[in-house]
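A single structure is presented below for examination.
Letters A, B, C, D, E and F mark the chains as written, and numbering starts fresh at 1 in each.
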């Protein structure tokens, strides 16, 4: 795990799924290397950019009026690692939310976060020919979503501050995982 | 990620580090394949079995009077994945603890759990020539430990019940991660 | 090697090469994970779906009036392993055929089966961005094929029964290979 | 898969398990690179060189008065591929035996060959720190073996000639698998 | 590293970037397996075939009136190795140039060669779904290039002779690297 | 390729081969992560630490009165990449030597440097259970070596200055190779 370049993009960006593409962070934001980018905007994934075949089969709509989005790219073409990293990212978000709320309201189930039966997130991990990519979106608004949801707004959490906390936590996780990997001996 | 065979071993076992060895679950408990085993016993890792070079350099003692131990083996020789899985295991423990406590008392920092400045766990991920191995121990007793600790006993949590919850959660995590990996398309 | 989900599809399907695509088994037959699917139908591979560049260069036609088809998908993007698995599949078919015939009439040469100079099969192994895929077709009819062929019909073998035997054998092979991999120690 | 250097060693060698070691072919026979070596001699594997933990647990004796042995080394540290190659080797042996016998007497089950309930072979695939290694031994004599066995002698097959046929077939398999891998396109 | 098939193509070929495609050597020149091909012709890479995103972002033109081109394909989908091999190829070119010039005029910086501030080369390493590919072009003519350049013509070096020397050196490098890999033991 | 931590160690260290061990840089010099360390001292490799089986078979002595040593560790267990990196390191040394000498006196052949028939270096690349390791030693003194040699002293080159130049060049190579890998798109 290399150093992860983090960036909150203040401009609003509508997430359509096109952003889950190799080098999006480099092309759009000049971030070269492993990166974690966050931005705010609506979410409406076009079917041609839906990566979860279960959603495609079901004709699901991945929609939210307002989300905080994370796009993460690791230049390591390993889908198993990407899925594990995605879940750690979601765990970091749950930890951060619960710490702010002062109660364990938010639970991670697989790659999604829930508050009771309300879904807070959408998320996917995939691979490009040269990298692995993660999208995670957490609702800001919980209005007009296809399923029952909750969002940062419902908790009174400021999205940008939350984004910057998560970006820093994800980068720190990557760094400490790398250190752990470099200081362990093999076993028999 | 293959199906993970789970087993709580009722017999007390003193963890010395020798258990962090390929095929320990198969040799000692006849579990063939990816496995997650839990047992209760003291922890006193012999230097020759210490895998964290930082601990070796520091001459640290890895000691606890009474711990709940997890030994996990995946037949996939990839240390990066093992480190990620280890952290997910710790996240599962933190989630389970906080859910029981009803407050986010326990925080994961890297591969360890803390309650304030008290350390709850020891943990390592390593590779054998044919597999990856994880040891995680969570204190039951917090007495006579080299650093300030807390343990399941301090929270009034029954170790075996907790162990079985974590084993089931880890196996479910592995299964859902595998499903996620199998239903995603590549991206551009 | 994970558990391989096996399925014989009773409906006739014309094999055009389009089926050699990631998630075909999931999309068309709701099989999620490593899978081996068999069905009966003609074979006429469209050039845009031909994966063997040698065939493309030669302008070969991959054609049969009636074949028993196998489509296998492993969520492990390793072409070398896929080629080895493909050959084991063909070896299983040769073994099953010869056992039924009571004489070693069918010989495997690489990834194809022959009875003397008559070709019984077409076969390819490839990789998608997220998986490895194998197609193997064994003639039922040997009429009107571009080269001299023989088929299950010439041997009086019922395709569906044969298909189910091969599916079971392939799944058992995968399971026993996984067990073998999990019980061996490394060497010096 | 690189070119596989083949060599039948005329000198008798007692197989003890020590030969299943990286660079044995290079050290003992000056064969540098991927290699397949055959020789004749007794088989009596010392427990410290037994690699199958199931045998170790059972206290099995791996013994034969006279065997034809194959030691194969690939400089590719991938145990899954090694297990697949091992099974292809066994399939090649079964095919060669049945072709000689004119009837499908010999069946491969996993990594072993059987004639009815008589076992013909012992076999293992493992990895060293720099390579993958396969041992396969096929009985010449079937006397005094721990289980019911049959051997090349029972079939009137000359071991050296058989060895050279199998070595050539294994090298040809490797070459044709490599060609197959190099001429296939990816799929969607 | 398998044997690398080398070929100088006498016919002039205009390099447009389309040649950086899996199986180009096999389709166009019937070279099956790892290969290194050289030819002479202009260079004008169409944007849709530009692989360096930095060039795409900058709208760079990759242009030369006359270049000696190398297209290398390894059937090993590992971009890190491809980048290392590309740099070794460039080092081989620098060594060959300086040996001919009798002075260390040419310096390698990353994947390019320079004579003072004049650029001699363009180069890229990428991966296809089944292989890794390298293009390296060294100017023959240094006229009308977008940046200050030098070329083989300026040094009075015959391109074909130079090409054949480099092809042979690259193949020898591959062979000796493979031998080195096969004769080394692991360490602790 | 992660950031490579570089360090010249002023203390004299006798190279015995024991230093080619995982975590040597961390244990002895507190450098955690990918590292390149240089030091000065004699070279006399004990047979138990010789990693080149060709040397072991030949009973070669790897000896020099005074060498500049480089020990490089990458936490990436891939021997092919390690061999390629080793050769790039040697190319960097040859480039640096020839630039200083003002003539292309030093030629790299595989993993060694020569000045005519005089050998300047010894070098090996290997893997530990958790990393890849490279040792390269370049003679300072050329006296009393088992074969004809030349050394930095013969060229009037100050070892420490040379060491620091090479360490910086190797780290820059790693960084630019990583950037190259991160900005390239896949191809068809």
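Everything below uses one rule, namely that a contact is a pair of C-beta atoms (placed from the backbone, for glycine too) under 8 Å apart; a residue touches a chain by one contact, two chains touch by 3 or more.
Fair warning: this is a prediction, and the values are worked out from it, not measured in the lab.
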item	value
Labels of chains that are neighbours to chain A and to chain C	B, E
Fewest hops from chain C to chain F - one hop per pair of touching chains	2
Most remote chain, CA-based centroid, reference being chain A	D
Chain pair equivalent in interface to D-E, over half of contacts matched, among B-C, C-D or A-C	B-C
Rounded Å distance, chain A centre to chain F centre (Cα mean)	41
Length of the line joining the C-alpha centres of chain B and chain E, rounded to whole Å	49
Where chain D touches two or more other chains, by residue	1, 22-23, 26, 32, 53-54, 79, 126-130, 181, 183-186
Overall pattern in which the protein chains touch one another (line/ring/star/complete/other)	other
Each pair of chains that touches, named by its two labels	A-B, A-C, A-E, A-F, B-C, B-D, B-F, C-D, C-E, D-E, D-F, E-F
Chain A-facing residues of chain C, complex	23, 26-27, 32, 77, 129-130
Partner chain E, residues of chain C touching it in the complex	53-54, 56-57, 79, 126-127, 129
Interface residues, chain E side, partner chain D - complex	1-3, 22-23, 26, 32-34, 75, 128-130, 178-179, 181-186
Residues of chain C defined as touching chain D within the complex	1, 20-22, 49, 51-54, 78-81, 83-85, 87-88, 91, 94-95, 98-99, 101-104, 107-108, 110-111, 124-129, 133, 173, 176-177, 180-181, 183-188
